[in-house]
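Chain lettering (A, B and C) follows the sequence in which the chains are written, and residue indices restart at 1 in each chain.
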């Protein structure tokens, strides 16, 4: 792929069936893994079962008993362990078999893959790749998910589309003018050219910073619905994107001329932090985790709900066009896109993903990859 | 394929996944493309969007924005143009991009395929192949669709079957005795041998004329329901078939001995013109356009409706058996048919289709085909 | 495959897409083929139509007219014959064409495959393989289906899973403790090691006898619900399994110490005969025929019904875990199982099936197989 224009080589499919593996992915919101029972979720094509041990720590194991391939998520949590409810094999949080009913010896091969898991910022993070590289310091910060000065309601959508199409969507906000005219967008979204900076020194790997300022402009419909002031604003969308699929955004509106571009945020300014995270389920389906935290009216849950519902509506608009896009690509997998001036962000993102995949392929001697394959 | 018996060569699939491209196809009934909004329809595996310009002329474009493959049919008609409601690219009726929001230069590659379209006889006709060959003089005549001395109600069915199975059905009316005993058929349908003549001098390409006379015979149930007379009749089905999939039929019943076979049609004779047209959607699904125009009781819309409902019922009978046939062929794609005396028409039709496909393949130098591929 | 541990060779799929053909299969319960109309059922990937002739004998023909592949099951039974209701070809019970409407000569190739059928023990048995080998003496005995001293209600389930997964299930009853704790199972199911004997002298081919005794144990929940006594029991499950997929079981509970293990069955003992038979529909779906006959309370149909409902509930539990297992195997077709001590029965069964497939492949000269292929 040529990073300048994002055009795949002749013969290359528009959407890759390979996923970055050596990365922290979001598997779930914390509340999705309850204090009893299990959560079954397919990630990067691998079935995974989640449960909490007696200390409340989340355990993630391959959701496929090594005996007969039955899903452990149909099983029973027993203290820190989980028992397959087909023939009764029991496993500990490290994936080692601890009981085979009717049998005293346990063969060492009777184990399931255990995934490294970290619970942080209300997300359950999982490492799908080489365990030796799983460093929690590489997890991105989403402090506004549980910070006392922010409020949010967690959201989840399931997509019948490749995660890359969602990434494309998020890296070009010119679509806000056309997909979201009554929710997130204004006419100016498509006129303003974003400033795009490469982020190279981040523990999470290379990324992008995308900055959009709309000076002396109208408020977007979703800002208007919660604003305590009227009139024109200085509005901003400043976000960082990291591979495989993380968007963290500082967004807001302040009365125009009150110094927002210079860094002043007056008390009545609307300040948001937005989260959009995609985790591939398969090469045609995606888990999408999102929230829109607000820094004002902290004690009004109806405002939190209204902000959430605005995003839910807008994300339904995205899903409609993106799933239609996927159906078109199913009919024409080798589609060659024509580039526009707004594509710079998504082309750079595709270049970053491509490089990560190449680096993983290069690092993977047959011996090391065998350990980490499902 | 051997035209004498229709038996495919060993190893050849019973149903071809190739379509004739250099042909006028019916894309829609005229009313399906409204004066606002769009119609999305997949034809020969290609998504196409239809809309009317400010003069009411139908425009047909590839339903796939060249920027990100989003369907233009989710977009907005703006005067003569259509705008993609993903990132806002706008196209004119020739498929050229006329606006890229936030960008002054428009690259020449930012265009979509425009299809040649003709609106005639209440059909929207489309040319899917080499544009240089698109001659409207090759469009078949269906004058009874909007002639003052004829009345009809337009019909459409979607089939979960290859279009060839519908063609097979229409070229052997012996099935009327068995599939349609209470609607279109009589016992004699399966006893009468059709006369089949080749049509070679037609602008639409080679075809067949199939003639069936039932002398001094009973009326078919659908004729009985609208006849103003009783007793035996001379009944006829005289139809022309052209590739890929057009049937135009003169059919009717006249009191026996009143000279119908010799060309006299007495006033009380029931005269119909029937249309059955198939357009492949994919290699396993088909669009089916039909109507049954009548030349009597012109001012009685309830008769038009009753005639329409009889055909709807009968075509449901066809669909049931044809979709079951398709499911059997899915289990056995290399099925080898045993020929009967009634197969002459359909074997000749298959031979005509095969020849057209071979001619297109021979004509297509790599350079010329590239222009016309989707 | 190594019969000791059931591990497929590297690269071999866990589930085979080949079926044993030279075997009697159960196609239906007798009542499913009525005295009018037809039954359509796909067996081993072949569509088959069943109907009864004027003597009540079941006829089984390929459900695919040789003319146009339409299903004969959409047709009409006419005396001993069946007529395709597409173009009217008629066939006799031997599959020969006896009428082509509008045509006096009938080509010898106008025939459908006729399957050898035997109705016995309320089952419709069908031979899918080489007709020369179809010996009814090889049909297994299920006398309890219509014996005056036994009562049963016939059951049928459709599985979205390969038949081999059901065979695996039935050859390891340790799963009763985990899948069926409130229906068929007790804790001891997973603790008792089954005695497994090879059966070699059977006309139906090699099989297995599996014997499980639970001495001085609790009754299973389904036995408790119909027992006229309380307290501990000697309980047994003694079953014979034959390829491809037949289980015949003598099961029951007697008050402990009354001599059941030595062969005495006191009058109050609960005696059952169980039938579990699988017939592949396709390589991902299965027909499952079952019943649980009882030898007590013969004149109480509500007991027959209660026993039936207990099995229906339990078999729903099996289906839930087995279809989930199939979905996991779809994601990982080359899954390599880890063996346990309970696997001996199912490994031996897989070995028997594998040998049968190898023998059929070796016997099949191209000439002989051509006759029997669909």
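A few remarks follow.
The rule we apply is simple: a residue touches a chain if its C-beta (ideal position, glycine included) is under 8 Å from a C-beta of that chain, and two chains touch if they have at least 3 such contacts.
Computed from a predicted model, the values in this text were never measured in an experiment.
The touch graph of the protein chains shown is complete. Because chain B and chain C carry the same sequence, their contact can be compared by residue number, and under half of the numbers here are used by both. Separation between the centroids of chain B and chain C, computed from CA atoms only, is 47 Å.
The residues of chain C never reach two or more other chains; the list is empty. Touching chain B in their complex are the following residues of chain C: 42, 45-47, 63-64, 66-71, 74, 83-89, 100-103, 107, 109-110, 374. Residues 14, 168, 172, 174-175, 177-179, 190-193, 320-321, 324-325, 327-329, 331-332, 335, 337-342 of chain C are the ones touching chain A in the complex.
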